[in-house]
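Two complexes follow with chain A in common, the first pairing it with chain B and the second with chain C.
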Partner chain A sequence: MDKVARLRERAKELLEKQEVVGVLGYRASSRPGISQVAFITRPEEVDRLIFDSACSQNLANYLLKVKDKGKVAVVARGCDSRSIVVLLQEKQIEREKVYILGVGCEGVVVQGEKSVACRSCRYPNPVIYDEMVGEEVHFEPETVEDEFDRLTPDEWWEVLSAEVARCIRCYACRQVCPNCYCPVCFVDASMPALVGKTHNVSDNIVFHIMRALHMAGRCVECGACHRACPMGIDLMRFNRQVAKIVRERFGLVAGAKPDEMPALTIFKPDDPQEFIR
Partner chain B sequence: MKVFLKSEDLKKLLEQFAGAGKLFAPVKKGGYSGWARVSSIDEVVLSGAQAVLQGEEVNTRKPAKVFVFPQSEVMFEFDGERAVEVTEVPEVVVFGLRPCDGRAMAFLERFFVENKPEDPLVRERREKATLIGVACNSPAESCFCTAVGGGPHEGKGLDVLLREVNGGFVGEAVTEKGEKVLAGFPAPSKEAEVEAEKRRQEAEGKMALRIDLKRLKEVLDKGFNSPVWERLTLECVNCGACTFLCPTCHCFDITDETVRGKKKRSRVWDSCQFTLYSQHASGHNPRLNPAGRYRNRVMDKFKYTVDMVGELSCVGCGRCVRVCPAGIDIRVAVAEILEGV
Partner chain C sequence: MAESSKFEPKIVAFLCNWCSYAGADLAGISRMQYPPNVRVLRVPCSARVDPFFILQALQQGADGVLVSGCHPGDCHYLTGNYVARRRFAVLHDLLQFCGLEPGRVTFAWVSASEGERFAQLVREVTDNVRQLGPNRKLIKEQ
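Presenting the complex of A and B:
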């Protein structure tokens, strides 16, 4: 039985036995190349569920929207499951109230090409799940060159300025990210205002740097923000670099190990950085 | 007034504007086309009339509204005693906007200028802009201008409409400004006019969607508390992509800044999808639930602006359909509303 058929079958059983109040997954949209999120609450609707390379959104983000409805089943790939781990670590959701239907993922495809984030993905399979639906997936991740390593700080600034100059501050990147759940985002603070509201490069860069820093040790590099950006800004450039610094300096990967605490909340006696010890 | 411009004539005409530094047109920007000041006509991404990007002939990512209502602009500076107007509005020639964006311009004029009190910045920007639109011969799958009362060869809101035919363009002046641009070109041949007409019909034929706008309005008039909003809204993440890129969305926020001693008051685009949009000074926010925000967007397009200024504010450009990170299609939402409210 293929993955999608199995997924529908399990969703149906879970709903019929009332083990969950709903199943969070994907359904087809009216457009090619992008799916829509589905929250299925009736067994007769499970046939709408799909899982393919157009499933662009990170469902952990939607978990926050439906978590108050009761126990919810959620379809989770590697990245979604890592986001779930981060949300558990940050006490935004309760483990008993989520039933994770794990799926292996070959990567999201955008405009006929594997999405930037997915090319270097090291976690195509969920790191935490209640059951696996279908087989695990294995592929060799591509190495993405870390351009920042060979740039001077001035060159960095140039690269970043050029990248964010197109930003229209629509905050789609923030809205689709499971880790951007602050009740008041720093860009929305108005008394006092923390970030200028115009879209000139200096205001934009402050937004982008603060966003990236808020993601340190939390971003799972799912790429949802990059795919959401209507202006084609490569947010993975920022995310990848921040994740790399966290990996090198703290020896940690966001959401990779359910029983490990996140980088910015722990102290390790064997921290790789000398000055802390 | 109708004329015929051979392809070389159009190029020469545009080169004049480009030479004067006034020409703005779509250029390629990564995976989409966007507005830029052009110095050489070769940068313009209109292959004839349409740019082929992402496998589809699609309109510019940012709408042409940026020419009358930029994302951020300084309204005035404050010298300690009084407001000083500092924004100098340049003369621009915008080439290559599509009929939907033209129609959106007409809407913005109606909303900001005819609807008193007028907005002096929008009025001045529109006055100083010459809009040379190009009719669409191959609309994209996501286009639906005909369903909301427009059309791929419509000139409303433009100064000049160019309709591509073999060997050149049939040009039509929509305004006096447009007549000046086209002055001196010969009248089109009968064949050229017939061909333009044929292309219009073909283009219209590609857009199959029909929306019963009258019924939609009636349904929305009664549908404020409908459960359909909750159902439609789970997927929407309330970002600003659809509103910011919509050619008619016109909400703005006002912000004060002191930059190197200069006190400035600016306005910046705002979006009904943001929680801050409806935040009261008291701290109360009447529209905290996401469904209410999505409802506002749909209501605004098909009801509120009709009540306010007598015009729909969806021109069917399809931008929101193309950019929504949640895969939401306003055409589907409208169909569901018609079925379900």
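Presenting the complex of A and C:
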């Protein structure tokens, strides 16, 4: 039996036995190559559920929106499950109220090309799940190189500031991120206003630095923000860098282990401090 | 003319109330000489220094930023500087990644008894920033 048929069967069983109030998954949209998020609450609707390379949203984000309805089943790939782990670590959801249907993922395809975030994916399979739907997936992650190694800091600054200069501050990157759940985001705060709200280059770069910094130890590199950006800004540059900093400095990977806490919420007395005088 | 056109950096210093501010105070009451380029802001703890403060200082015209707190293990709030250290580490590496000159933002530990160390630190930071020249990257054009 293939993955989708199994997924529909299990969703139906869970709904019929009333073990869950709904199943969070994907359904086809009217446009080919693009899927929608589906919250299925009736057993007769489970045939709408799909799972393919067009399913690009991170469902952990939607989990936060339906968590008050009761126990919810959620379809989770590697990145989704890691986001769920971060939400569990940060006590945003309860483990007993989520039923995780794990799926292996070959990567999201956007306009005929594998998404940048998925090319270097090291977690195609969920790190936590209640049951696996279908087989685990294994592939060799590619190394995505940034050109900043070959440029001087000044040249790289020019490249990066030209890139973020295009930002229109729509905050789509924040909206799609499962870990951006603050009731008042720093960009909306006005007393005091922490960052300027116009699309001034200086404010844009501060926004992107601070977004990356708030994601430190929490970003699972699912690439949802990257795919959501209407201006095509390469947000994965910041995400990859932050993940690398956290990995190299503190030896932690966001959402990889449920019993660890996000890197910036904990400390060790002997953390590296060669940059401090 | 030559004297007035010489670049004098503006440096914002965030000093923790319990160690570094007291260290700066000791430098003052001991009448130690150090450059008048620093503008000191007293904060309760180095963990109070939100990375926003540092970036906003640079946006609004500071040429350099100095952040200083108690030595690890000496925090008045026991673990404030440990938490801050991780945050600063990520900020430091991220600013480096973006291409901001190293030396624009300096982190240091200064205790209440290290008046001479504070004076020396300010001398060095001022020299470094003077050599880097005015901050042109993060500054927000008004």
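The criterion applied here is as follows: the second predicted complex is superposed on the first by the 257 of 277 C-alpha atoms of A that agree within 3 Å, B and C clash if a C-alpha of one lies under 4 Å from a C-alpha of the other, contacts with A are read in each partner's own complex, and residues count from 1 in each chain.
Simple rule for what comes next: contacts are C-beta pairs under 8 Å (C-beta built on N, C-alpha and C of every residue); 3 or more make two chains touch, one makes a residue touch a chain.
Nothing here was measured: the structure is a model prediction, and the numbers come from that model.
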Touching partner for A:206 - first (chain B), second (chain C), both, neither: second
Partner chain in contact with A:196 - chain B first, chain C second, else both or neither: both
Partner chain in contact with A:216 - chain B first, chain C second, else both or neither: second
First (chain B), second (chain C), both or neither touched by A:51: neither
Which superposed partner A:168 touches (first chain B, second chain C, both, neither): first
First, second, both or neither for A:231, with chain B first and chain C second: first
First, second, both or neither for A:29, with chain B first and chain C second: first
Partner chain in contact with A:99 - chain B first, chain C second, else both or neither: neither
Interface residues of chain A shared between complexes with chain B and chain C: 196, 200
Complex interface listing, chain A residues touching chain C: 148, 153-158, 160-161, 186, 194-196, 200, 202-203, 205-206, 209-210, 212-213, 216, 238, 241-242, 245-246, 249-250, 263-264, 267-269, 271-273, 275-277
Touching residues on chain C, where the partner in the complex is chain A: 50-52, 55-56, 59, 72-73, 79, 82-83, 85-101, 106-109, 121, 137-141
Interfacial residue positions of chain B with respect to chain A in the complex: 29-32, 34, 54-55, 61-62, 71-72, 142, 234-235, 237-241, 243-245, 253, 255, 257, 266, 268-269, 271, 274-276, 279, 290, 321-323, 325-329, 331-332
In the complex, chain A residues that touch chain B: 29-31, 34-37, 39, 56-57, 61-62, 65-66, 111, 166, 168-172, 174-176, 188, 190, 193, 196-200, 224, 227-232
